[in-house]
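Both complexes shown next keep subunit A, but they swap its partner, so subunit B is in the first and subunit C is in the second.
And then the complex of A and B:
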């Protein structure tokens, strides 16, 4: 069934659901937590008949995606007091859309735990930034992109607090570009020459 | 023709899944594509694209045929986009970053006859990928605005 959050995790998730209103934990997340408590009978999935092998593969992917989304949402809720409610809800909405597998290419993976943890750490470091548009690499690294006119900041969140940053900024009529590997702690410092407040209003 | 070099004045298209699109943060409307949309996967030797002018007809007909060819071979998600680039612009940007790629027609797929390859794509040049995504592949059509028809082996282009 895949590596679902343990019983203690689902208890923690249930407690978090009680603390947060339905606008934080929507219908799908409640279904995830019920699934973790009670098993697959709670979640109804309708599909056309598939071969047994494809059925098993599909079931496995659904489980993996559920697991990944549940982890991300629960992890976010643990630090929810530091994030505006609307910011959290928008994040959850985007995560749900990114994990609609009908839009995936062959081999795509859901967001990895390690990437999401780096994302959260970064967001809390820059406390929090204006909402980015989120993306996902084929290997499950989360991407965040801020675009203002022709100026772009794109960050790929790697494991262990590492970031891959691409910046393109027009300054004094000239385009300045950089690609760098850094960490969430160093992000604002390495972006300083490009005036990060352009995209990250709260950046210090 | 197999390994035919696609002329500079022609165009290539590529399916961009929703997860690799750049979108407006509030409306979620697609405003471009991310560099990761052009990143080679570990098991890939070339960037898979479709040669638009391989097909006959006016631009709309050629583009539709290219899209149908792509849909015949891969899952095209409803929230994604099909982006296209001029071959000239693609080469120009690569050369500006000291990279020389080859864009060739593969002629290896009856269901997707315009299937082509960008060979010698660097794997790890994130700045180049971002440039190509934002400046070469500026134009796109959302999949939801297309009616895709998968090719069958009895079709002729």
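And then the complex of A and C:
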């Protein structure tokens, strides 16, 4: 019988010292940890922390937009093995077009990291999703819409996995509309009365 | 051990890194960056930040952040291809989709030639190859048996019940290449719904008399790759291979 890892409450693996108080460690343990730190050091781009000194001035919109797009593309790449390749490239093209600031109003913001993370998590929940039309709110929340004939599903991706959903669906000859706040994990369940497969082919 | 090309490799980043004995002056770094920039859509300033956790003499945990000097980071438009030039190091990084060793190594050779054409010969202090893998295990129930997929993990007695997280590091000498294999593995926060993710992070590095000539450097990297592949295949099971085949 081998080891098991529980899926509930799993946390990011961290340095041993960060998980325990200093009084736990005796001399021998400290020696082991010191030895472990002597492994080769190689910079990782995907895992590098954000340098506070390099946080951009919000006055430089070009830089702010670049950083937002770079973050979104890197995050997508890191889960790219679970997404169709063409889907990812089309997403990047759509994001680039959305962030053409020549059409922006004063105060418009690029996609926020938090909104994009919710979008990505939702996409992975219903993967592979049909390609949506994308939009951006002025505050930087990503919007996705799927339209089949007169039936439309619109989702605004909020921070922390939250979604704002608007459904418009013709059922038995009558138009049904609903607006709901939910989460990416609950999306398919709350859409069940409206047959989410209408828009999301592989919705479970 | 035979090398296998997987349709869906779990690679999240592949890195070839060269470190120098003496820091390179800012003007040369800028010139090298300018040479590299012609092959990349974007160039930004870059500063390497290291976060070290240690115990101070009083026995309390102390976190220190050290930053090396400014360099340049070059990236492709989709951010999957990266090159970094700084006073301390030169590196080429590849994020998914991993294009295969031949294409990755070709880009490294191209950029290394450009870098050298601007900076000239600099004595190497370390040559390293690092592959970071994130293995996403389908979680059909409340627990996942990691030894179904991995042969490297922290094993605890069954009577203690399932673990929430673990972290393992092993360092192994590689005599033939005078280098060291470092493997770090542990549970990481999963970004894939319904999965549990485990990191398998391998580095092969030579810091003791690293090769200084290009032909020796390239040959050593090729040998590093063989060592890395061998270690990877030894660390995974057929069930993991099936994940990488079917996606």
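Just so it is clear, the second predicted complex is superposed on the first by the 145 of 204 C-alpha atoms of A that agree within 3 Å, B and C clash if a C-alpha of one lies under 4 Å from a C-alpha of the other, contacts with A are read in each partner's own complex, and residues count from 1 in each chain.
Definition applied: contacts are C-beta pairs under 8 Å (C-beta built on N, C-alpha and C of every residue); 3 or more make two chains touch, one makes a residue touch a chain.
In this text the structure is predicted, and so the values were computed from the model without any measurement.
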{"item": "Touching partner for A:114 - first (subunit B), second (subunit C), both, neither", "value": "neither"}
{"item": "Which superposed partner A:70 touches (first subunit B, second subunit C, both, neither)", "value": "second"}
{"item": "Per-residue contact with subunit A, leading partner among subunit C and subunit B", "value": "C"}
{"item": "First, second, both or neither for A:78, with subunit B first and subunit C second", "value": "second"}
{"item": "Subunit B versus subunit C as contact partner of A:152, first or second or both or neither", "value": "first"}
{"item": "Touched partner set for A:89, first subunit B, second subunit C, both or neither", "value": "second"}
{"item": "Which superposed partner A:135 touches (first subunit B, second subunit C, both, neither)", "value": "first"}
{"item": "Footprint overlap on subunit A, comparing subunit B with subunit C", "value": "none"}
{"item": "Complex contacts: residues of subunit A adjacent to subunit B", "value": "94, 97-98, 100, 102-108, 130-133, 135-138, 143, 145-147, 152, 154, 156, 164, 166, 168, 177-179"}
{"item": "Residue ranges of subunit B touching subunit A (in the complex, touch as defined)", "value": "17-26, 28, 31-32, 34-36, 39, 41, 74-75, 77-80, 125-127, 130-131, 134"}
{"item": "Footprint of subunit A on subunit C - complex, ascending", "value": "8-10, 12-13, 15, 17, 42, 44-55, 59-61, 67, 73, 75, 77-80, 82, 84, 89, 91, 93, 95-97, 126, 128, 130, 132, 134, 136, 139, 141-148, 153-156, 158, 161-167, 169, 171, 180, 182, 184, 186-193, 196, 198-199, 203, 205, 207, 247"}
{"item": "Subunit A residues touching subunit C - in the complex, by the definition given at the top", "value": "1-18, 21-23, 25, 30, 35-49, 51, 53-54, 66, 70, 73-74, 77-82, 85, 89, 92, 96, 120-121, 124-125, 184-185"}
